[in-house]
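I've put the structures underneath this note.
Here come two complexes built around chain A, the first alongside chain B, the second alongside chain C.
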Partner chain A sequence: MVVAPAARTWTGFTTAVRLGWAVSSNWTRPALFVIYAVLRPISTALILVVMYNVITGGRGNARTYLSFLIIGTAFWAFVNEGVSEFAVGILEDRGRFKMLKYAYLAPLRFPIFLVGRASSKLTSAAASVLIVLVVATVGLRLPISPLEVNYGLLAIACLLAFIAVMAFSIALSMILLAGRDAYGYGEIMAQVLYLFSGAIFPIAVLPGPLAFLASLSPLAYWLELTRRAILHGRVYEMFPNLSDGEVLLRLALATAGTVALGYLTYLWADRRARRKGYIDMDANF
Partner chain B sequence: MNDRAEGARLFLKTIVARAYPRVVAANRQKSWVFFDLAFPLVGTFAMVFVYEGLHAPKQFLGFVVMGGAMLAFWQNVLWSMGAQFSWDRDNGTLELYAISPTTFEGVLLGMAVGAMFTTTIRGAAVLLIGSLLFGVSYSLSGILPAAGIFLLTLAALYCLGMLLASLFLFYSREAWHLSNALQEPVNFLSGLYFPVKALGAYVGGAASLIPLTLGLDAMRQVLLPGTPRFLSPGLETLAVAAQIPLFAFLAYSSLRFMEARARREGKLISKWS
Partner chain C sequence: MGLGRVYKTRSETVTALDSVDLKIREGELFGVLGPNGAGKTTLIKILVTLLLPTSGTARVDGFDVVTEYRRLRPRISIVSGGENAGYGILKVREQLWMFSQFYGMPSGPARARIDELLERLGLADVANRQISGLSSGMRQKMNLVRGLMTDPRVLFLDEPTVALDVGAARDLRQEVGRWMEEDPTRTVILTTHYMQEADDLCDRIAIVNKGRIVIEGTPHSLKAEVQRDVVVDLQLEPGTPLLDRLREVEGVGAASVREEDGIDRFSLLLVDDGVLTNVISTVERSGRRVAGLAKRQPTLEDAFVKLVGRSMSEEEAN
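Let's turn to the complex of A and B:
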């Protein structure tokens, strides 16, 4: 039977998504998986809430900063899943399940498989984001109303950010294939991005050169837009002098830069992986 | 040599043999040295910047740096004690332990001793780097009491690690996820980045079951004057000391039960599923 290339690509993509979902979640029952998925972001949010309360005493005039912390923490799940968990997933596919070489040999472009695996991670992160926001809105009485969210702005910002995150994490995971014992590097990279993203503190707090580097990252603009889309001026802003459109433009430019850099890195890392036999190399698992 | 003396000799040899790779191999593998330092450091930096964003007093940076250093131990307990038997089963070492003339307790104690030594060096590096970078100073008179509290906390923490190792014996893929799941909630409950008093009496009281909670709070009180007091340092130290035999007994009982069950169900040799 002849299958059209587009249909084959779609089938390959959806199979990669399903595979990613199964590997992530079928080690336990669905209810336990949901608890597992939200335990980390909820705990992080609680740490920040206590820190905020200890310093501010919960003063009313500081509550815009609390919203800043909560929204940043909630949406960070996308980056954590998309970078850290994704990189571990690819290394597991090779080292533990020994199936990465088959995905590479399949009649499907390898990046499609990787995008599919990353998409499943981002989808599972969405549930965690929603739960953290709902719990925080109710528990901390944040002024978030689902009727007042600028969904258009939120969707565009998230779409651009997901593209940037995928480009980054796919390039990173290809580079990590060079290591036999590289499964922790994904988490380290996610933690480093955490510092440069403005997720839990404004990037202006960073020392000068680091703040400049952070201003090149799409994540800072994405998180700024998610905050503005959800709370419209009732949240601490990292770029108070920039309009929504200007922040969006910066996000688009930073995303384009990340994709271009990610693509070039991917091509280089892929060539190297084939030449040196990294795709099916025995690794520490 | 009678059986008892021979058993004690074997037990001690097991401890040394299992500690050896923890001390030597862990330093040979450069990527592990990097991770052990980078994970707590990056997390510490992030929380320091949160406090700076909140314009917190300098004293709070000291809380975070000390918490970051102790984080290295909790990570070690989770990943290198709790989940270790699971990795050992996957690579075939667990079955060798089971058929050797030694005990799982000896193997676990060896793991703990080696890990304590290595992680103490890394934790000290985190403390030093963080303190120098952020200008944190400590009370000199508190150093000796803090060292004593630290040793008691480590003993209790690694006994808890042994308990986790026996509980995780039954897990395969879940072990990784369980360790991952326990990371952040414990960071919260043990007050790694804020004074434990902020958790309140009930949550703080429940969190005191984790040795890190009271141990870290007591060390902060003696090293960073002005730390909000949850309990007096003496009482906290006493509670941590009481946790050592408690967790050791629980680990021993749990290990006996789990080992018997694992032998019955063939779990000592079945790899991940």
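Let's turn to the complex of A and C:
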């Protein structure tokens, strides 16, 4: 029986999703995992909220900044989980399970395997976004109304950001694979991006060159559109002079740039890993 | 052809493969025999597209390993020994099925094939057991199932029986033989440093040492290299080191030694029986006592010692 290439790719992808879920969610009992998945994003958001309230004392336009902070933090889970899970997955498969070379040599395209392998964490990240937004709406009286959300804009922005994060994460994973002892760098990279993408403060407050670099990243435009789609007019805007369409155009261009750069980086890192013999290297994990 | 691989670090340059020329025929079980560090695994890694060569070219099943690796990968499979591979949290059948999906196998036939191979390798009882609960022998058998289930055109076995007990190693060898019998066009490339394994399994063998092919041929033809020599096992009680002095005796083609149960067991290749007198004289002058002496048929180990000048264990220690 012959299976069509597209069907084979889809089956391979869904199997990688299943593998990722089995490996990343099985470190504890299911009940504990759910508690962890719920409590972690809420606690992260609440810590920032408390810090913010203490520092501002509720003065001035504190509510619009609070909304800015919460939405940025909530959606950041996608980037954090995506970037770090890609990196952990690839290094774990190589160093701990010793299975990376077998997955790498399989006919399924390796980036598709990587995306599938990390998808379980992206799913739990999606859940954590919802949880944080619900808690913020109910507990912190964030003015979110499900009927007023611009779902079309939100979906397009999230799709483009998802593509950009995938491209970035795949490239980063391969860079880590092409290095020797790379464990932990995925999380570090996620934290660096955290500071340069407008998740917790506007990129305009960064020093000039850093603000320019941040303006090239699709993440700042994605978070801006996300905030506008959910709380248009009731949230601090990073790009008040740009319309939604203009921000979307910048997001699309930055995403295209990230995908192109990510692809070139992937090719370079893949070749370097094969040249150095790092794909099946005995590495510390 | 002319396959080479050099590893460079800041402090040194190591030549793992040095202009290797090798032609392996379809349907052959070809052995790459050599001590640890000889370059066997480097060769395999290049042939399965995990590693790029620094010079030369290689084709597997007609495809260039550097430029046509995407087309080649679905046609090959590799099973490595001694690495304890597996997602411990998964069950045996579950992991195998997942990899069948990464190879694009239809799910139903894949499950049937997996069950068939698990049965043949004596793993049917542990098919639903977590991989973390398997012994290393069972894990290696499971990895062999993964390697066989996709029916590759060329199967690479990299030291598949290393660190396995006798029974598990025998099962693995048997299954590889049976798998090849099923389809005479299937090809297996086996690396090993076990002489007996190479002798028992392989149609042809290449002896590799220090990144070079020393000799290539059938096990029979390699043993014929020492057929004209007189092969003697000389057992001596402990005493002063004697290997170098025995090698200097005129007419001794090659000599190696291994210690077993407190006795030094020398293997000597002599050009004729008459050399034995000089050997015994050398032993007597050293003050060491002879515990046993016997002539025997040559083995691949003898061929290796004659061709390389030292035993495989000496090469590894070096």
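Everything below uses one rule, namely that the second predicted complex is superposed on the first by the 279 of 285 C-alpha atoms of A that agree within 3 Å, B and C clash if a C-alpha of one lies under 4 Å from a C-alpha of the other, contacts with A are read in each partner's own complex, and residues count from 1 in each chain.
Here is the rule we go by: contacts are C-beta pairs under 8 Å (C-beta built on N, C-alpha and C of every residue); 3 or more make two chains touch, one makes a residue touch a chain.
These numbers were taken from a predicted model, which means no experiment stands behind them.
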Exercise for the section: In the superposition on chain A, see if there is space for chain B and chain C together, and answer fit or clash. Expected result: fit
Exercise for the section: Considering only the touch criterion stated at the top, classify A:Arg275 as touching first (chain B), second (chain C), both, or neither. Expected result: second
Exercise for the section: Once the structures are superposed on A, label A:Gly12 by its partner contacts, choosing first (chain B), second (chain C), both or neither. Expected result: second
Exercise for the section: Considering only touches as defined above, state whether A:Tyr194 meets chain B (first), chain C (second), both or neither. Expected result: first
Practice task
Considering only the touch criterion stated at the top, classify A:Ser43 as touching first (chain B), second (chain C), both, or neither.
Solution key: first
Handout entry: Partner chain(s) touched by A:Asn53 [first = chain B, second = chain C, both, neither]
Key = first
Handout entry: Partner chain(s) touched by A:Trp21 [first = chain B, second = chain C, both, neither]
Key = neither
Completion exercise
Check: chain B-chain A-chain C angle from CA centres, nearest 10 degrees, reads 80
Handout entry: Shortest CA-CA distance in Å separating chain B from chain C in the superposed model
Key = 5
Handout entry: For the chain C and chain A complex, residues of the former touching the latter
Key = 7, 42, 45, 48-52, 73-74, 76-78, 80, 83-90, 94, 98-99, 101-107, 109, 146
Handout entry: Of chain B, residues touching chain A in the complex
Key = 29, 31-32, 35, 38-39, 42-43, 45-47, 49-56, 60, 90, 173-174, 177, 180-181, 183-185, 187-188, 192-195, 198-199, 272
Handout entry: Touching residues on chain A, where the partner in the complex is chain C
Key = 1, 3, 5, 8, 11-12, 15-16, 18-19, 22-23, 26, 97-99, 101-108, 113, 271, 274-275, 277, 279-280
Handout entry: chain A residues touching chain B - in the complex, by the definition given at the top
Key = 27-28, 36, 39-40, 43-44, 46-48, 50-56, 65, 69, 96, 179, 181-182, 184, 187-188, 191-192, 194-195, 200-202, 205-206, 285
